[in-house]
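The structure that follows is given in the form of structure tokens.
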Amino acid sequence: MSTSAPSSPLLVVSAHAGDFVWRAAGAIALATARGDRAKVVCLSYGERGESARAWREGKGLAEIKELRRGEAEAAAAELGAEIEFLDAGDYPLRETPELVDRLVRVYREFEPAVVLTHTLADPYNGDHPAAARMALQARVLAQAIGYEAPGEPLGAPPVFFFEPHQPEQCDFKPDVLLDITPVFDRKRKAMECLPAQQHMWDYYTDLAKRRGVQLKRNAGPNLGLPHDTRAEAYVRVYPQTTGELA
Amino acid sequence: MSTSAPSSPLLVVSAHAGDFVWRAAGAIALATARGDRAKVVCLSYGERGESARAWREGKGLAEIKELRRGEAEAAAAELGAEIEFLDAGDYPLRETPELVDRLVRVYREFEPAVVLTHTLADPYNGDHPAAARMALQARVLAQAIGYEAPGEPLGAPPVFFFEPHQPEQCDFKPDVLLDITPVFDRKRKAMECLPAQQHMWDYYTDLAKRRGVQLKRNAGPNLGLPHDTRAEAYVRVYPQTTGELA
Amino acid sequence: MSTSAPSSPLLVVSAHAGDFVWRAAGAIALATARGDRAKVVCLSYGERGESARAWREGKGLAEIKELRRGEAEAAAAELGAEIEFLDAGDYPLRETPELVDRLVRVYREFEPAVVLTHTLADPYNGDHPAAARMALQARVLAQAIGYEAPGEPLGAPPVFFFEPHQPEQCDFKPDVLLDITPVFDRKRKAMECLPAQQHMWDYYTDLAKRRGVQLKRNAGPNLGLPHDTRAEAYVRVYPQTTGELA
Amino acid sequence: MSTSAPSSPLLVVSAHAGDFVWRAAGAIALATARGDRAKVVCLSYGERGESARAWREGKGLAEIKELRRGEAEAAAAELGAEIEFLDAGDYPLRETPELVDRLVRVYREFEPAVVLTHTLADPYNGDHPAAARMALQARVLAQAIGYEAPGEPLGAPPVFFFEPHQPEQCDFKPDVLLDITPVFDRKRKAMECLPAQQHMWDYYTDLAKRRGVQLKRNAGPNLGLPHDTRAEAYVRVYPQTTGELA
Amino acid sequence: MSTSAPSSPLLVVSAHAGDFVWRAAGAIALATARGDRAKVVCLSYGERGESARAWREGKGLAEIKELRRGEAEAAAAELGAEIEFLDAGDYPLRETPELVDRLVRVYREFEPAVVLTHTLADPYNGDHPAAARMALQARVLAQAIGYEAPGEPLGAPPVFFFEPHQPEQCDFKPDVLLDITPVFDRKRKAMECLPAQQHMWDYYTDLAKRRGVQLKRNAGPNLGLPHDTRAEAYVRVYPQTTGELA
Amino acid sequence: MSTSAPSSPLLVVSAHAGDFVWRAAGAIALATARGDRAKVVCLSYGERGESARAWREGKGLAEIKELRRGEAEAAAAELGAEIEFLDAGDYPLRETPELVDRLVRVYREFEPAVVLTHTLADPYNGDHPAAARMALQARVLAQAIGYEAPGEPLGAPPVFFFEPHQPEQCDFKPDVLLDITPVFDRKRKAMECLPAQQHMWDYYTDLAKRRGVQLKRNAGPNLGLPHDTRAEAYVRVYPQTTGELA
């Protein structure tokens, strides 16, 4: 069951334009390297809450959105992923039936085999849990044959929460450590598409190292993992279904 | 990393002689059906706390131990598993450095790729958490090159808690649903090796059905799982390490 | 305090038309067998999210609602309960001040002594927690003398969450095991009023057996409970108030 | 099931000599007022950890034990309860198989219908959780027919944790609020048998008022409970088994 | 970092007009006694849900609001605090973007160094968590330079939850015990500004004593705190940042 | 109360010889830089479980202990701290009354104002929680006037857990972020006293950066903290007692 089907599209639901790069670029690059489709849906550009430098430089709202969009598109291209912007506004990102409905349509059209999104708790950023709640709600609605939207009812793709900035404050206890060593250089390049947040490049490079050390500790020394193993951490939302314990 | 290596020995650490049958026979049968070794270590026979019928029939202690041993051996044989009895006594099963040391030696000799044991909480049975604590402690000790015991330091085999009798009271929130449909008939036959607990046969058959329904719900309708899917539930103790989210 | 008053009306707040049958039919039948009133309020018919077979058979929305209504009415009649449909729509069931206000009016009119509803967490179904939040909010509002609605301010009826389909995933740790043995045949007949979900009949019969085994384990062997004890599990929301520990 | 049988003996397992007075005197007095037996087992006298004043006055160990014993006997007499001292030593109270075995024999002899003890967490006092662990372990052992001790196997008496001094730090979330109004004067008199801790008399009188206000809030205004309702708070360890939700 | 700056304005966000008196008057009086500004924002008057006596006396809505306003103003004056009423309605207090926006403007204008509000859980009162959610959301929005509101982006003032009426039911585990002994008489006088809830005066006086005993226990006997120490309990929401562990 | 007294001795209770360097060197260096005494008590040398390289090089037990002792003494000297080795053995570190008693004597003699130790949960290392349990138990015993050991009864020094290697798996949710920027170079030098674990130097330098970023985020941008802020994370065990919220 958990074997990767011939085609396993990966969907990432992100509150702001840059989130997917710091938190999930490794998973995305692994998917596209395997030949799977990957798609990022940005509910907003993060134009108000996550563009402090641009505001301080005196840029206007439309200009900031365009800037963020361009950066995110470049990063997605680096990772081989598609990207779509719903432009629903941020700070606050408002939960509305209409926005949930748009996500249902994305699920029905894209038919993801795996879904990534934010954690349900984040005391530093209300938009992140709002995005996660909508991603989860839309997934359930897309499964219902009676929900009016084009396409077939969705299956039950597993959902993973990617790592927030302050994991312990967000009740983020990793269930899965994903080995991103083979694609880490692509993650780094994708990060470098976001020049306004240059201090984050090293921060998330360090984090990948730290999670890599933990992956090696959890995998055991006998596997011969390389010294510079890099990893991303995830929380699995629904029970894993499998034919083999491992 | 989570791919099954050519040889993936499965170790089950059980407080009493019968526990492995009700709670993990499916996982054991899947392992031996794949050609892997499986070994059950029973810390006690469950001679005092889980042999009520024999006591009521007036049997003596030695006789009850022999009875329980025979039944457990028959069940293990049905599943293709090895079995070893440490005869450490039950009700209470006492945590001692000597017993932990014996487990360290089992780990070093058997070199398990996967370990199954009880939950750390069980308000109905103090022996179950005691067994789990010793299984976990011995695993860590076996990893240390400085621990004096024959064999090589252990790797980092994942550990799973199998399902207790009253899961919610034991904080048992399943992380993994294991599809045991292909081997369920062998689990049933192994259960039938324990005639004193006949009412449990149907109870755990029903539970396998119920967990099977949940597995189908979590796997999604599109996988075409059969109507009579059977499953066992497990809790994963350490983060999963993997090269692919699925 | 916890003694049953001469009249102890039981109110069940349910997201969809069928929920009360699988999860609370035993409690309802016990109440009506004692001579108490019981009332089920269905916030929706479950027309979109829980009527997959009807949609696959090509039925239309109005027809499906009518079908669900008929089945639920038959099941309620079997249990001796009143039933009311608020037809607020499902998938998603939307939380609105208007719907909460309608529930306040139900509380004020019916004056329940006990309230049953869904759990506050359910990652498989967003309508269930939405119904629970509204049931709890309306109960508090109905207690306020200043809330404008007909009738007297409500007392403080205890609230119980009934059992969800995947209890551990919904943080459902039973506080109360209710002996439904004397009325289980009526629960079975009520389930049989829902022919589209025939596979659930056995599923919830098995669950009643399993909860019955747990009830016997928790009540102790000395009470002489019958072999075929049947039970439903509940979570108590507010502290029990009593004049005697038992 | 939860109806009080003709005889419902109440057993209190207490780490030190005074604990039962502050935390459970109301429950004890209610039991004896109903005509039930009540018995307090003090694992130690609290001679080292809870007798600061006596040590400061220069008293010796034997003298302090005798003093504590006399006070506790007087308080028990006031409540109509039997009392037994196991004199196992405090600060620390050591968990030993022998002490657990003595508790098993108490269970088998006394056949309690209800058990009260400390919480399993208390960062301010290691003896309290040690007493609770032994009380729970002994209860399970006493249920096993194979455990060698005089008497019949124990049933499954419900267990309640009584309220610690700093409840929130001990994860004490009350499940049950017990109305002790009719016997509060006896609790006060029992407290007054412990003159060395006079500041506690008012503290626990205030707490009884505070829990009484909460009891009234949870019971509802319509019950007509008196203004000066007094209560004790408890946590229920195992699910309640009942034939009626209330 | 945690040293009190020359000016440390204290902001209290309260659902109803009286909440700040029972729960945070000590903290407010300490702040104003130090020479800091303190401001209370009442989202509603508590006119429907917390004015039972006035409704029973037949007063009208406008009259009740006026009454509550007068009492709260008197209490704030006693404490030396400013007070502002947003009159957003209670039972239920509705979360709206507009109300959150008004709070953002308060944050930007007042520039609090410390924020106090309700807990996020309260099963007895839906307005309290609603107020807390809005207080937290507005704080994050006020930090964003891109959020359109007058004033400078907010810093990161620590937030504390004050104590609810039934703390354990609200997951209230105190992180901070605040010594309010020097200002307790002012808290008492502020409470006496609310004559309709006279029974609360003693209740919260008793609670202050009880929290004071706990403060002394946690501070240690060597500090020489007075016998009649009075305290308020708080939960810290974000990690403390400091240059010294103490 | 939380103001630093003229003399505030800092006590660190560590399972193995190196733990205090990675996890608490910043706190230690801050203390000694303020002129306070700091003392490290190592319950073992970590000779079996944390000296893998030495074992692989074929060194003997006595030699390894000596090696570890020398390194730890050098690191302590770098930080200006005293250090004492109890040589109780590791893997496993056994909890015994005798070892706890030795810790009581340390508390009574050193009279710490602040205590640092391991977390109570660590699924990767059983010695760490064992050390923490003993450190907490000994602190409570040292407070009792009746406990036979030289010196005066201890006050109530606050206890903080320092950060484990895999914080989320150890339920480590930071309560306190300690600014160690002024002494970070001394921490680095202390780490460099442990040449066998060179890969840890960068790992814990990176962690200090990451915690520094979080400290700045939680302290707010307006404080003007430097770009290269360094921090250590701690969990506070008992409620903070204070005269001012900040």
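Per-chain numbering from 1; labels A, B, C, D, E and F assigned in written order.
Operating definition for what follows: a residue touches a chain if its C-beta (ideal position, glycine included) is under 8 Å from a C-beta of that chain, and two chains touch if they have at least 3 such contacts.
The chain lineup, named per UniProt: A, B, C, D, E, F = 4-oxalomesaconate hydratase.
What you see is a predicted model; the values in this text were computed from it and never measured.
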Chains touching both chain C and chain D: B, E
Candidate from E-F, D-F or A-F with the same interface as A-B, over half of contact pairs in common: E-F
Euclidean distance of C-alpha centroids - chain B vs chain D, Å: 38
Centre distance in Å when chain B and chain E are each reduced to the mean of their C-alpha atoms: 52
Where chain F touches two or more other chains, by residue: 124, 169, 174, 214, 217, 238-239
Topology of the chain contact graph, where touching chains are joined (line, ring, star, complete, other): other
Which pairs of chains touch, using the document's own definition: A-B, A-C, A-E, A-F, B-C, B-D, B-F, C-D, C-E, D-E, D-F, E-F
For the chain E and chain A complex, residues of the former touching the latter: 97, 100, 136-137, 140-141, 144-147, 237-239
Chain C-facing residues of chain B, complex: 124, 165-169, 171-174, 199, 203, 206-207, 209-210, 213-214, 217, 227
Complex interface listing, chain A residues touching chain E: 47-49, 51-52, 55-56, 61, 64, 91-92, 94, 123-126, 169
Chain F residues within the chain E interface of the complex: 1-4, 8, 10, 27, 30, 34, 113-114, 116, 153-158, 160, 174-179, 214-215, 217-223, 233-234, 236, 238-246
